[in-house]
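You will see chain A twice below: alongside chain B first, and alongside chain C after that.
Here is the complex of A and B:
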């Protein structure tokens, strides 16, 4: 054989070996990228991607680059399960970070358990995800949860001069759980309060008029809503047309991120300015230098002057995974799962810790009353306060 | 018995786990179950000439039946699996009783209406079905005995379940094949060709149609029972109209004029879907375009096209 041919042959044979050493760490992300939930899902995936690019520019993790594989889960539990299984079986991902709705999260958690793969849920809030009977070594949550959110909202409503309170939530895990937590905590901190009405439209409802009319007939003085994402836009437009906000003197709190910049921005003048709401993040919060720096980087990455508040959840999810891999000094899921317990990470919104007890991070949210601000063409929360969840977690 | 190629195919299907890839087994399992589902629909669409827009209802009922029996009541698969067929068949009898009284588009609309009712119940009845979140963690059937068999003993649980699926789907297809070849099946074809004439020669058309509806529903239920376990969870959208349209597309794509056409359609659609989703987020657009082209170029479906090609090849020069 010709010597040069032999040399080339040897090189070709060696190539895969060289490639093996630098094989990226693959992370699968099932996330809604179509329909109304994409308003939150799409920026969350971009936040994760930004973190991946930043850490890869610094040399990756354990000398290997991270690679994020995003798949459209269509906000559907069945589809999310399918995508997760394909990511594991076909694309050989080593970890899962993702899902948005409280139906998707628990369903994918089962896949993670069966395949013994670490799964970090950055957005689903239902308590059921990490409830004692559902908890397993591989599931972790860096999102807030329904107990934290419901109780945080109850503390705010308890300070209002109202006794007749009504609720408006979607009829599925998230809506049911957060409303239950809100009602229980409100009754505890303000025993005189009366729940006069509870409406349960189905997830994705388009026509809220019957629910609004039935609710207003009971003459509530305050309303708690957990209608989220693009759905809040539809609901609040219809409620405004029926004079709901004036009737209750803006004693309205919208959890499920009703006060995110993307919601107020997309509604513009239609937004019911004066209601209370929450958000995972806000570009105008600017509490610390780390946060200001993050917002500047994100603004550049997304080419958006007022960058999304949802990117932070994807970002934190990936950050926890990368830090855990470093701490474990391994990509073995069992070792990484152990490393995640009691792990504290300096995130752009401050230090967060995953508890060993229920694999839940102490992730709180920003709350505030929405007002018009001359600086922006849309409403913002002012003053905006980060509600520390630690006292609400048990 | 003719057709040794069917046995060859069965043998090939049984050998898939030997390839050693969990993904291939996963894909093959998916295709097999959908093949049974599509073939059951073809009994209505292809053989009896009844276009059902709500076939997913029976698939969903079957999936929830097996899932609930195995998860909540811890009954063995040997009871839970046939129960899916029986219950789905029962509901098909109830709904079909009304549906066969209508013809064409009215029949199709009523099947859709019943299917949406089934979906709404699955979606709303939180205590039993788990509502929107569905019912995850359906246990695998206890297949410990397979671990003691030679050759297959060392395989994973999912591979064992795959082998069970192969055998059960093959059995179901064999039964369906016997049905369409029987005098009963011939009568269905007669009804499809000309229902009025069939009536004139003394055939009780409605009763035959109802029988076909129940059979199709029962086999769709069996497919659903297998799918719930394979999918590791049962979700309300198993009974949603999109699933009905998916299986209808498989049947048309594969070719409703032939017995194995729908199975071929299931294989083609799953592979297409699977490939496209991983390449682009505009998958509905790409998939739609491919389907339109396929349906125009091969009006007889993939099976029809394959038949034409074979005849052309065998033509004496």
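Here is the complex of A and C:
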């Protein structure tokens, strides 16, 4: 009798363990799916989902399928934290991949630290996310960061025949950090340059006219802007109407992905063709066979002839997670976290490595001067160059 | 000391912003004046106006005169939508507490906002400036004034005057003013107050939709633009006085200039200057500059 009870007890205890091996590996993704930032959050989550479906079709990871749980973070730090907590406590996710803004990323990083869960940030760029005082064993970033982006832009502007440079950035973590990195690096590589004006509209500003007037009154010869995404559409329409681009002879560089195919496509003939900009990806890049293949798959998946440049970030985030689980041969967060250090992954944009030092991948971006191209009904970057940040990440 | 051309350019950009805000805030103020309800969904009508303009431009294709057709079509479509919302939904709430009416307009924000996302997606949309005015600018006292901005600056007062004359000089206008004062008596005198309210909604939505359509060549059309504008429009009507027509006009003028020149004095806090102004008005004249104290 006693023995039978023990046997049943043992069975009851062991059954869930046996079932465990068959259960999918749950990954939580807090990502803005509403409001203007959904422009990037939505395709990024779809890129992640595409990777999940592809790897599941091949049998998953360690014999288990991946399951992605996407939640709308509303681009709000509090909401992202709430969603991350709920994903961990209620949905029992084992990993987090997600967040978009530089407010959400660091906030969710704290949750990951508390719960000892690996968190891979695919988009937030603020340096503070992986700064020495904020770094912990579970946070990793496969996005570019503000140091990389600011310095990449400075390298380009340094080659222009200009000395009077102005900046236009939103007054919050990302805008301030990327502008600081740009200004410091530019002064280093081209000491003669003078920063004649800096404007700081609030995040999401809709009327740039007063800022543009104030800036142009200082007679800059070149402008660095980090006004991103849909906000760049608004800014550049108003700047174009006020003759800004002609006045500075198109010595303008827009970081914050001002030259993504999505932006040039939506603006069509209104895009200030001739300016410089960057993008995480461009369907027309076609540098390698791997990239061409990725674009073809994505195009089919999104049913879009010119697929989004943001999907790649969700895709890479999931790719790093899956590769780390394979390398660790476990879904234990501590083991996966260790496996992510110095992990090199062959991504569609080439090999990327997460550094042990600051958990930051050497993710650069595409840069180029925008031109009209007969092949497309919108401007493209040509020639488009991948700026590898490895040499100026420190 | 900044030079004159800069000050002039700043005041012009303030004026442009003011005229846009007036277009949108006027409808908000009108509905409040007559129905005594703060219509949160007014910002949504503005956003839908921009999307509708984009949609009409897609159908019409680029060309001379097309933008104006699209803008008027968009405003008319939004006016129709506003009328339908009043006639079939909002009407059932007149007897209810104000809180329910407020909640209803907020629910409209969410429902229509999501509907817009389903129809047009989350990608930003962009409408080109009309070829008659786009890409050209006037140089005046060393300042660059795009023709389109000039058009907006002139349109604002025209609409304000037309609106005011309608309210003052026409039979419908007199009824609207009477309804704002005493709904029951007006009804007892044999005026169809229900129909009047529908027309007020139609007119207010027309202005909101027109504002959205006209702003689309200057801004990106994205989800979320509805909640941004409603805050600004609200500040304008609070400064000017809720329900006061000219108050809204002057509130918008003040808002535009404070924002424009604010960046000279507090470059990083110009938005703070506007809210500080609103706070000051609320403390000194809680009913706004030209409003009447609520009984």
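We adopt the following convention: the second predicted complex is superposed on the first by the 373 of 394 C-alpha atoms of A that agree within 3 Å, B and C clash if a C-alpha of one lies under 4 Å from a C-alpha of the other, contacts with A are read in each partner's own complex, and residues count from 1 in each chain.
Here is the rule we go by: contacts are C-beta pairs under 8 Å (C-beta built on N, C-alpha and C of every residue); 3 or more make two chains touch, one makes a residue touch a chain.
Just so we're clear, the structure is a prediction, and the values are computed from it rather than from any experiment.
By the touch criterion defined above, A:71 reaches chain B but does not reach chain C.
In the superposition on chain A, A:241 makes contact with chain C only, not with chain B. Between chain B and chain C, C touches the greater number of residues of chain A.
When the shared chain is aligned, no partner comes close enough to touch A:226: not chain B, not chain C.
Once the two complexes are overlaid on the shared chain, A:167 sits clear of chain B and of chain C alike. Contact with chain B, but none with chain C, is seen for A:90 once the two complexes are overlaid on the shared chain. Touch criterion not met for A:147: it reaches neither chain B nor chain C. Judged by the touch definition given at the top, the superposed model places A:179 against neither chain B nor chain C.
In the overlay built on the shared chain, the residue A:269 is in contact with chain C alone; chain B does not reach it. Contacts of A:81 after superposition on the shared chain: chain B is touched, whereas chain C is not. Taken together, the two complexes place residues 33-34, 171, 202 of chain A in contact with chain B and also with chain C.
Listed in rising order, the residues of chain C touching chain A in the complex are 2-3, 5-6, 9-10, 13-14, 16-17, 117, 122-126, 128-129, 134-135, 137, 143-144, 146, 148-149, 217-220, 222-225, 228-229, 259-264, 267-268, 270-271. On chain A, the positions that touch chain B within their shared complex are 33-34, 71-72, 76-78, 81-83, 85-86, 89-91, 102-103, 106-107, 109-111, 114, 128, 171-173, 176, 202-203. Within the complex formed with chain A, the chain B residues making contact are 22-23, 26, 123-124, 126, 131-134, 136-137, 231-233, 235, 237-238, 274, 277-278, 281, 283. The touching residues of chain A, when paired with chain C in their complex, are 33-36, 38-39, 42, 171, 199-200, 202, 204, 206-207, 209-214, 217, 229-231, 233-234, 237-238, 240-243, 262-263, 266-270.
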